[in-house]
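The two complexes that follow have subunit A in common; it is paired with subunit B in the first and with subunit C in the second.
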Partner chain A sequence: MSNSKLYKGSLTTIILKLLNEHDKMYGYEITQKVKELTKGELKITEGALYPALHKLEAEGLLDVEVAKVDNRLRKYYKLTETGTKETVNKLEELAEYIKTMQALVNPKLA
Partner chain B sequence: MKLTESQIQDLYVFTRQHYVEHYDLQTELVDHLANDIEAQWQVRPELSFEDAKNRAFKKFGIFGFMDAIEQKGKAMNKRYRGYLWAELKTWLQLPQVLATIALYLVFYVSFSLGDIATIALIFFGIISIWCAFKSIQLNRQFRRRKEVSNKKWMLEEMIFRQAGSTMFVFMSQLYNVYKIPEHFGDNAYFLFLFSLGFTALTLINYISLEVIPSKAEKLLNETYPEFSL
Partner chain C sequence: MKLTKEEIQFVDNYLIKNEVKYWDVRLELLDHIVSAVEDKMTNDGISFNEALLDVHRGFGNQCIEFGVPKGKIFESGLYQSNIGFKKFTKNKQKEISRKNRKRYWVLLKQTLLSYSFMLEYLLFVMMIFVTYQYKPKTALLVALITLAIPELLKFKYVFRKGVRHSLNANMVGLLNSSFLCFQGAILNFYKDEFTYNGIVDYRYIIGFYVLIYPLTRVSFMLYKEVLNTTKERYQLLTS
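For the complex of A and B:
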């Protein structure tokens, strides 16, 4: 699964879902959290994460906060009000997609 | 084990060497690399800073920071267009709309007075000279700002350097204006659209070269929480 491209379209949903559960998160933290939750099965690559975060920020779904941590600046992302609403939509879309895929892969279960 | 201040500075240089010009994106990537290096040191404390740094960078894939740079540019362009549009909308509301209507009437009446191509070229000349003057002025301001802070912010560069690009859109139409047949000036529908186009382009140039740069500090503080840190 680690090399799979299946999650690519779900990257936005994953980010929104994580931020919905946590008040604010920074880039590295998001990659580690996904790794931890999926026990290493799903790996968000750095090359894909930041473009996705910047896109969501430009769309007004994420807001940023910067704090000095240790001897460097850290940029935190959090959901805006629109972002919170969009998270619900995206999760519903994903659930629907999973249901459809289940019906295709395992018709008996669906 | 934590990174030292000089190692953090080394990471800033490293991102610059990998084509990340702007401080806003550099800062985010520096923190990411630093976190990764520190995580590696927890498992393998014997790793050198250089090795850990290269291993962290490899995780960005073969294109390195390029995707992040590209997307950040797109995102910031969208934000800049948003600011431009928000300002443009205020010129369609009271009281500025009165100035917009007056400007429109100046163009409309002038174009109806005589040879439309000649009059349009005169307006073109005036607007272009003003735009060129403002672009040079803003470019100088940008260089001075960079000398003082030694940092280059993506939005700041758009505000001070790309603002002049609307002038090129304007200038690209010079030949078409020159070639306008004289009898077009008698066509009320054409005059209406032509004056509207001139008004819109004049306003966009004015907003991007005068209004937005004058609000640069406010917009930069709004966009970058770290700007005043």
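For the complex of A and C:
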């Protein structure tokens, strides 16, 4: 991730959230979607994305589907049932974190 | 701008040169690199080589321009390291083995709770028990042969196309070998417990084999599952 180390801890939550909104996505599509949604503010590098995807797959939160596209194989990631439940927990955790940070940084708004 | 078949082949060769030897690791990298290069060429208006270098760096690889004086000639070039791809493969290896271990316990739980396996296990135990009543040595041999069957059946999968250069297949094979080594180590460690005055008490060894039967059986099930997925993907790749 290029912009800040602050985003690093939220990478798995970002991936889970995106996959929750889309049926299935491939690696490059995720990086582009994040770039598009944050208007180029947040860029996920390949070196950060794939370890996170493989970790989520090993934890059983993501499932993999392989399809042939334009003379090459494409690996699509999609949420498993456990993954869908975990997304809710992770988003709640993130919302709680933002609230806490807001209370610390800007008490008037909290 | 879509890359031609030759350019895609060039990217694949570039990955092989960068020591990404497993095809199931390469397929994910190849798709990402090709998509990124196509995108950069279309939107940023840069050349194929520039786009490829850009993606190369994105994976955490290094690109250093160098200049070396060689006599009167000054040689310059570009040094590319494959450290990012190495990290990618190492990380994937770690996660695959984690995934396999997790799947192993899930399969073990499912197998132990299935009625068909309970019946199979009961038959195995009865067969060993009855044989032991007449000939203890034969009972040990029967237990050993029964445990060796899944191991022998694995050879059916090992020589399939695409298995040798697949990281998934290699990792499940490694898990299986570690399991076999662990069995051997346990038997070797406790060998004095089985021996009384130089005579081996077969009861303990047979008991040990009976106990590990479900573990060996599940190990084969996992092996078969992973290798079948590998075969399906390889067929899709070569179709």
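Rule of thumb we're sticking to: the second predicted complex is superposed on the first by the 108 of 110 C-alpha atoms of A that agree within 3 Å, B and C clash if a C-alpha of one lies under 4 Å from a C-alpha of the other, contacts with A are read in each partner's own complex, and residues count from 1 in each chain.
Heads up, the rule we're going with is that a residue touches a chain if its C-beta (ideal position, glycine included) is under 8 Å from a C-beta of that chain, and two chains touch if they have at least 3 such contacts.
Since the model is a prediction, treat every value here as computed from it, not as a measurement.
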Notebook entry, point to check: For the three-chain model obtained by superposing on subunit A, do subunit B and subunit C clash or fit?
Noted result: clash
Note to self: Is A:Tyr26 touching anything from subunit B or subunit C once the two structures are fitted on A? First, second, both or neither.
What the structure shows: both
Next item on the list: Check the residue A:Ala103 against both partner chains and state whether it touches subunit B (first), subunit C (second), both, or neither.
Entry: neither
Notebook entry, point to check: Does the superposition put A:Glu46 against subunit B (first), subunit C (second), both, or neither?
Noted result: both
Next item on the list: Could you tell me if A:Leu73 is touching subunit B, subunit C, both of them or neither one (first, second, both, neither)?
Entry: both
Margin query: Is A:Glu65 touching anything from subunit B or subunit C once the two structures are fitted on A? First, second, both or neither.
Written below: first
Notebook entry, point to check: What stretch of subunit C clashes with subunit B when the complexes are fitted on chain A: 73-81, 127-135 or 199-207?
Noted result: 199-207
Next item on the list: Please identify the positions on subunit A that touch both subunit B and subunit C, taking each partner from its own complex.
Entry: 26-29, 32, 45-47, 50-51, 54-55, 57-58, 66, 68-75
Next item on the list: Sort out for me which residues of subunit A touch subunit C in the complex.
Entry: 26-29, 32, 45-47, 50-51, 54-55, 57-60, 66-75
Note to self: Taking the touch rule as given, give the residues of subunit C at its contact with subunit A in the complex, in rising order.
What the structure shows: 2, 5, 8, 27-28, 30-32, 34-36, 39, 55, 58-60, 84, 87-88, 91-92, 95-96, 98-99, 102, 233, 236-237, 239
Item checked: subunit B contact footprint on subunit A (complex, rising order) -> 26-29, 32, 45-48, 50-52, 54-55, 57-58, 64-66, 68-75
Check: What part of subunit B is in contact with subunit A in the complex they form?
Finding: 2-5, 8, 27-32, 34-36, 39, 59-61, 63-64, 67-68, 70-72, 74-76, 78-79, 224-226, 229
